[in-house]
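Structures incoming, each one as structure tokens.
Consider the two complexes below, in which subunit A is the common component and subunit B and subunit C are the respective partners.
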Partner chain A sequence: MSTIEVENLKYRYPDTTKLVLNDLNFSVEKGECLGIIGENTAGKSTLCYALAGLVPHFYKGAYGGKVTVNGLVVRDHEIATIVENIGLVFENPFSQMTGAKQTVYEEVAFGLENMGLVRQEMHTRIEKYLKLLAVYSVKDKNPFDLSGGQMQRVAIASVLAMEPEVLILDEPTSQLDPQGSQEVFEVIEELTKGGMTIILVEHKMDKIAQYADRVLLLHEGRQVDLDTPENIFSRGDLTDFGLTPPVVTTIAKALGIQYPGTKLYPVTIEEFKRLGEDK
Partner chain B sequence: MKTFTVREVDFSYSPIIPIFQGLTIDFDSRTTALVGQNGAGKTTLVKLMKGLLKPDKGELLVDGKSISEQTAAQLAKRMGLVFQNPNDQVFKTNVLDEVMFGPLNIGFSKREAEKQAMNALRKVALESKVAENPYDLSLSERKLIALASILAMDTEMVIFDEPTMGQDFAGKEKIKAIIQELKAEGKLVICILHDMDFAAEVFERTIVLNQGKVILDDETREVFSEKEVLEKAFLEQPSVSQIAHALGFEKSFIHEAELIQFLKDVQRLNPDLS
Partner chain C sequence: MGSMTLYVEKNSLIHHLDPLVKLLYVAASIALTYILPEPLFIAGVLFITFLLLVVGKVFRNSLPIVALSMVLIFSLVIVQGFFHPDNATELFAIGPVVFYEEGLTVALGLVLRVLVMVGAFSVLILTTRPDEMVERLIKKGMSPKIGHVILSVLQLIPQMRATMGKITDAQRSRGMETEGKLLVRIKAFFPLIGPVVLNSLNETKERSIALEMRGFDAPGKKTFLNEEKIYPYNKQFAGMLVIIILLAIVWRVIG
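Presenting the complex of A and B:
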């Protein structure tokens, strides 16, 4: 059984007429990193909510189909049960902070307290994940005194500390500088190697190309395609969906650098270089 | 407004950790990108410029005249700041009221304010959302609403704090067009950015801040050719330059089209390679 299974998922927010998610079908295997791309309003964040159970438990509306995470049918279980299996890092880190805690350390503890972990285990995990996300030095600060970038890393740490099977990251590096962003992606890579399943929503296509095993392309709530980054970014119609491929792919297209015998273009600099040299 | 000068400014939030010591920058009519790692002092600098924070020492001058001689209300008419987090800025219950708030506040008549607001909303392509609650919109749309509400004030200077955050390709294209339009109208445009590709593509001048100091300040092309200095500030070159270097070319590029042309020329001059 796959870690995530989505069957005929349809969803409409309350008091609206348009389906935000329109008949999605896909599965994600354990240890896989699935990238989700699409223009704004394609349904990316709503899909994250549906995987994490906020849809339909918090956001009501019209819901059809079935989402299964780690064998649990999301609709039939309370959020409290679902969060132990799947962790969601919000797009805006302000939304993640509880506002109930005075320090970063306590903020990260919050989720663990709710899980009922023993004290020593909490300390161990908090220290581990604050260090992993390079925010241990601000552990005594008030979360709301942090910079946007630091807050984003604390948000990720607080979800990771719960050690969910599946981690959903909705634009996890939007507030980070290039270095901080790179560090977060390195953490993501480590986590998938360790068997964690990751769902990554990201506008930076070069990062999707580099870190996602497969890419789900959404447009107006519909599933346009689900394939490897090479297949997705070699499509000739990406602009119809308000997207551009990674810069390196655009250049490969202009120069006609392709995988021999296919219509596929490289999506990373390393592959571009290799194919350019072979040629 | 022709110039904005930051002269010998000292500032700290707490006495033991100085943020700026003797910071001097002259902003002129060139569109300017302000880059630097998280914590470099970018947002603090724009808050000082907007008069939201007071310098411990030094002066901030608009066309040579100190902003300390002007009230916050007077400054608000001349300078607009689009916050990084739209939730810090947006507070009305419908989009039109939100975007009209700024112009009304600085003395526009209701009719003028509405006209300005609708114009600004058209620029961000959200004119169809006038009746909606800004908090029912997506974060990226709310960011464009925050941007429109500053544009509607028609200030002589506009500062954007990470406008491309969370924007897709179409959103970035809109922001690019807005910046170019503001420039054409003779306004001062300053933009804090983490997106080096966008900085390279759009801005004439780039300033790199590192630990409260200006370490590079020049034409954008020159700044982004300083690979080592950028790395020291934990920044990277634009993707096109990174690709060129990975392919073994020394030359730096800031536009995609330049690199494509360059590589096509290389292919043509070395036919046995292709």
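Presenting the complex of A and C:
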């Protein structure tokens, strides 16, 4: 059974007439990194909310279809149960700090306290994830005194400490400066290498190409395509959906550098260099 | 971005007191001003409250909070001085406006009471970590949801101040004058209100999502990272406050 299964998912926000998610069908396997792309209003964030149970439990509205995470049907379980299986990190690092705690260490403990973990287990997990996210050195600082990149890494550590099966990252770097973005992408790289199941929503196509095993292309709530990054970014109609392929792919198209015997273009610098040298 | 609380980190006797005792002090000091409403007595409670602020090394930090209450204090003095129904003895006049002794006496009592409230809350807020206070209340059986509402209220002013700073910077970077004469500052203030309120509402919504995603509504029993803190002279202080309130009630009944 897949870690995530989405069947005929439809959703409309309260007091609106347009479907934000329109008949989505896909699944995500354990250890896979699924990139989600699409222009603004494509439904990317709403899909993340639907996977995490915020739709339909926090955001009401018209809901149809079925989302299953780790065997749990999202609609039939409270968010508190779902979050033990799936964690969500969203774009604004500032508003992800609960404000209920005075230090980074305690901030990471917040979710663990809610889960009712014993103290020793809390300390073990907090230290593990603060070190993994490279924010152990700021453990005694007030979360609001950190830089955006550090704050986002604390947010990721706080979610990871709850040890969910799946991590959703909804544009985690859109409000960060280049340094902060790089810090967060280094963490994503570590997590994908570690075999964590990740859903990554990102506007930086080169990063999607770098980390995603498959890419889901959304447009106005509809599922346009679900395929490998090479297949998605080699499409000739990407601009019709308000998207541009990674720079590497654009250059490869201009130079005619393709995978031999296919119409696919490279999407990462490594592949571009390899194919370029072969040519 | 600064800390999202009004708490001032200092090492003082007041900082080490149990938040519940300080909460009891807030209740006791306000109750005392109603049980024994003589201005001299209220002034005594106010003196003790200010003394606690000094001992807690936060007296200067409390001044902006007191300054905020000045709007209320001035309006109390003006309304009571002009319009109190018992007004009879003319005290002084500013042009056609006459202030009466009776109204100003009532206003004095009210002003002192407001200052006691503001001062007592300052003792609590400025010397107590909000998370520590809420944790103590939750451990005493209060619902975590109510605890978070209290926290949110305590965070409201610093949160709006932070948002206002960001928006002011954005407006200034687009050439809007935000500093200088009072009139310029007032003109710059009004365009701020909309974005500040909308931003704060949005951040509050996002923060509640963040709380949901950290299992805030989990049905099981919560645990706590920090061990139960032992506070010095906890029972003695609490007992003393209860005795003072009881004595005041007896005084009022006998007197």
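Worth pointing out:
We adopt the following convention: the second predicted complex is superposed on the first by the 260 of 279 C-alpha atoms of A that agree within 3 Å, B and C clash if a C-alpha of one lies under 4 Å from a C-alpha of the other, contacts with A are read in each partner's own complex, and residues count from 1 in each chain.
One rule holds in what follows: a contact is a pair of C-beta atoms (placed from the backbone, for glycine too) under 8 Å apart; a residue touches a chain by one contact, two chains touch by 3 or more.
Computed from a predicted structure; not experimentally measured.
On the superposed subunit A, the two partners subunit B and subunit C do not both fit; they clash. When both complexes are overlaid on chain A, the residue A:254 reaches subunit B alone and has no touch with subunit C. After overlaying the two complexes on the shared chain, residue contacts for A:244 are found with subunit B alone; subunit C is out of touch.
Of the two partner chains placed by superposition, A:198 touches none, neither subunit B nor subunit C. In the superposed pair of complexes, A:174 makes contact with subunit B only, with no contact to subunit C. Contacts of A:92 after superposition on the shared chain: both subunit B and subunit C are touched. Shared-chain residue A:39: touches subunit B; no touch with subunit C. Once chain A of one complex is fitted onto chain A of the other, the partner contacts of A:212 are absent, as it touches neither subunit B nor subunit C.
In the superposition on chain A, A:50 makes contact with neither subunit B nor subunit C. Of the stretches 7-15, 169-177 or 205-213 listed for subunit C, only 169-177 runs into subunit B once the two complexes are overlaid on chain A.
When both complexes are aligned on chain A by C-alpha atoms, subunit A residues 92, 94 touch subunit B in the first and subunit C in the second.
Contact residues of subunit A toward subunit B in the complex are 39-41, 45, 91-92, 94, 147-150, 171, 174-181, 203, 206, 242-244, 246-248, 250-251, 254-255, 269-270, 272-273, 276, 279. Of all residues in subunit A, only 52, 54, 58, 78-80, 83-84, 87-88, 90, 92, 94-102, 105-106, 109-119, 122-123, 142, 144-145, 155, 158-159, 162 touch subunit C in the complex they form.
Within the complex, the subunit B residues that touch subunit A are 36-39, 43, 84-85, 87, 138-141, 162, 165-171, 194, 196-197, 234-236, 239-240, 242-243, 246-247, 256, 259-260, 263-264, 267, 273-274.
Interface residues of subunit C, counted against subunit A in their complex, comprise 1-5, 129, 131, 134, 148, 151-152, 155, 159, 202-203, 206-207, 209-227.
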